[in-house]
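Chain lettering (A, B, C and D) follows the sequence in which the chains are written, and residue indices restart at 1 in each chain.
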Amino acid sequence: MTHLPERLLTGYRSFMTGRYQAESSRYRALARDGQEPETMVIACCDSRAAPEAIFDTGPGELFVVRNVANLVPPYAPDGEYHSTSAALEFAVQSLKVRNIVVMGHGRCGGIRAALAPEAAPLSPGDFIGKWMSLVAPAADTVSQNTMMTAGERQTALERISIRYSIANLRTFPCVKILEDKGRLTLSGAWFDISGGELWVMNRETGDFERPEID
Amino acid sequence: MTHLPERLLTGYRSFMTGRYQAESSRYRALARDGQEPETMVIACCDSRAAPEAIFDTGPGELFVVRNVANLVPPYAPDGEYHSTSAALEFAVQSLKVRNIVVMGHGRCGGIRAALAPEAAPLSPGDFIGKWMSLVAPAADTVSQNTMMTAGERQTALERISIRYSIANLRTFPCVKILEDKGRLTLSGAWFDISGGELWVMNRETGDFERPEID
Amino acid sequence: MTHLPERLLTGYRSFMTGRYQAESSRYRALARDGQEPETMVIACCDSRAAPEAIFDTGPGELFVVRNVANLVPPYAPDGEYHSTSAALEFAVQSLKVRNIVVMGHGRCGGIRAALAPEAAPLSPGDFIGKWMSLVAPAADTVSQNTMMTAGERQTALERISIRYSIANLRTFPCVKILEDKGRLTLSGAWFDISGGELWVMNRETGDFERPEID
Amino acid sequence: MTHLPERLLTGYRSFMTGRYQAESSRYRALARDGQEPETMVIACCDSRAAPEAIFDTGPGELFVVRNVANLVPPYAPDGEYHSTSAALEFAVQSLKVRNIVVMGHGRCGGIRAALAPEAAPLSPGDFIGKWMSLVAPAADTVSQNTMMTAGERQTALERISIRYSIANLRTFPCVKILEDKGRLTLSGAWFDISGGELWVMNRETGDFERPEID
């Protein structure tokens, strides 16, 4: 009887003879000296959009939060549990990251749920419904535009949500102050999955554009 | 001026000429057919412990939540925002994953914070302090054993926390029911970073053991 | 009728045609010139943790004390019989060893007994109970942490005991003086039996760590 | 800076690539199922007389106590710390060994000390002097026989001590009872170091004889 899914044990063996073998001194140094990632990525849980794969990064490079639909709630020092805010505080205040990237993606299940609020809750707790209600006003507005196709509404809300999360990042005093001092950059990105396309948010206009790749 | 950290743009170029090139048909199929990951991993944000690297998995394989110290709060249908519970609900009810793995790691900054509750909050909101208070009773008990070294106390709490999160998973009715029916497995794992060692929780005893790798 | 267990006679024959054959000149020299071991090892009686096997040493290399749970009692010049203190005195004062290593191991029966003091004594003399009472305060503290598994409590006490024995070594004036002069080193090690892993105590922190083996 | 003598680290590497490699399944089984050694050996700390080498035994075969001059004190349930008695109790009552072998050897430093009681104590605690006083009456008698050479007196006391320890074993009720029932054998052996000769005590006469080796 195994205590871990067999696929993961097999994968771990590949890791040890492959990547770990090649980067063992880096892992050892990272253990000894601690992590100093320059960048925090807030990404979705989706199995098709792992930031380390898409940005081809190695150990120690990205501090990664992953929640459904890569959302950042607004600053709310109310004494409740705030998973994402805790990670943000740790990255900015303790690790002193220099960049925060909110990375969304196409075909996001959380966004789809936000666009179909009339659907029955998945469970009596309705955690998804509550969580996605963070973007409910935008979802309502987008839903009403029946001249856009379902696919277009989905992509529209995915990108609106990224801008919304970046705006919420600025409600955290520590983020606002450091960004104003030029010591922290905030970025948005959107990955389409199918063609592997990455779209980067233009900080001035909010538009998502293909980066120029030579 | 670039709108994304330069390192990420460079990495993305590597992805497109490397991994995406090799797996484009898989990405296209995953976009067309949707994701069907068999396994959900609840991992830490730490930059040194990306589950896709450690388990050498490709796109579509792991649905990944990452929060500070890979914690699962207990089931609380109280109408508040619950990032991790929302992801859990989505994975179990909508994606119907067959395995959930809670993966902790050595030298965890969140666990370190839990063992030093007297330290000043990182910010007025004290999100980390509140979040880590989920394991405060265990942290208190572990802290009192001054015959263990600081490193040993840290490892002990890291492992206790994984068992605690697995116990909390079972407070979610959907998890409990499916596990009882044999349709969902819960696992714990702990990655040491330095030597690349993975320790797997024995489901009967709760002990963390090295898997036998031929 | 044989006067020695048959297995030992067979083994002795193998020794004579194998190891002794290969090292007879070394044995002869050691007999003629006397032993000059550089290292004293204080190990457990356990049949699975012979220091000469684990350190692959030959005749003349290790001066070895073995008692239950590799304990060193504190310095007590009270005129009683002190088996371990006598061996220590002989190694340090007469043989002038340069290193003392306290070597513990996993699944130690003595430590298990210390964690279950309510168990009935093995004999009316209760020698094990008395002997293991040397670590009773630590055993009490560890036992109270019921959030650790039985296996984790066992490992924790095994390692605390090694640090305790090393601290007791320093209560012997001859050890303290020579260590302060840099003429004697004290080390701790822990052998896991199952995977053959050796963990070495970091002298600064007291933590047990895997030595880096290229 | 290393935390373990370099020679031991080197030796451990040899162990892992040699003996452990060859016997890993045995080590794993011994860890999983626990030790069940058939034989307890009470041997000297001397670096030239490791029982596992002389009897060519593998992991799990011998439960080994090692103290200066392989002495067994008489049964004394007085509430003091008795290292050897604790090991004896554990071997007989808990592990239920079937054989106990007291193994002495030539050129024993402890026996030499017992024959020179007028020598200054090695330390103010005089732990060796006290410990070897267990055989003081025999040492006195042997010393008075000035017609024997110093070497002959040494060998004589080494062998007398083995018989004395075997007699003391029988003062432990559990040993006496099991031996009388035929469930425990007591043996004596003496190893000469130089020529690799093993002498076995004849249980009827007490004489030490060469075993017949084909």
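Everything that follows uses one rule, which is that a residue touches a chain if its C-beta (ideal position, glycine included) is under 8 Å from a C-beta of that chain, and two chains touch if they have at least 3 such contacts.
Quick caveat, the model's predicted, so the values are computed rather than measured.
Taking each chain's centre as the mean of its C-alpha atoms, chain A lies 15 Å from chain B. Computed from the mean C-alpha positions, the centre of chain B lies at a distance of 39 Å from the centre of chain C. Centre-to-centre separation of chain B and chain D, using mean CA positions: 52 Å.
Looking at chain D, one finds that residues 28 touch two or more other chains. Taken as a graph of touching chains, this assembly forms an open line, each chain in contact only with its neighbours along the path. Contact between chains, as defined at the top, is found for A-B, B-C, C-D.
Contact residues of chain D toward chain C in the complex are 2-5, 7-9, 11-16, 18-20, 24, 27-28, 30-32, 34-35, 37-40, 45-48, 50, 52-57, 59-68, 71, 73, 75-77, 79-91, 93-95, 98-99, 101, 106-107, 109-110, 113, 122-128, 130-132, 134, 172-174, 185, 187, 189, 192-196, 198, 200-203, 209, 211, 213.
By the touch rule above, chain B contacts chain C in their complex via residues 138, 141-142, 144-145, 147-152, 156, 159-160, 163-164, 194-195, 197, 205-208, 210.
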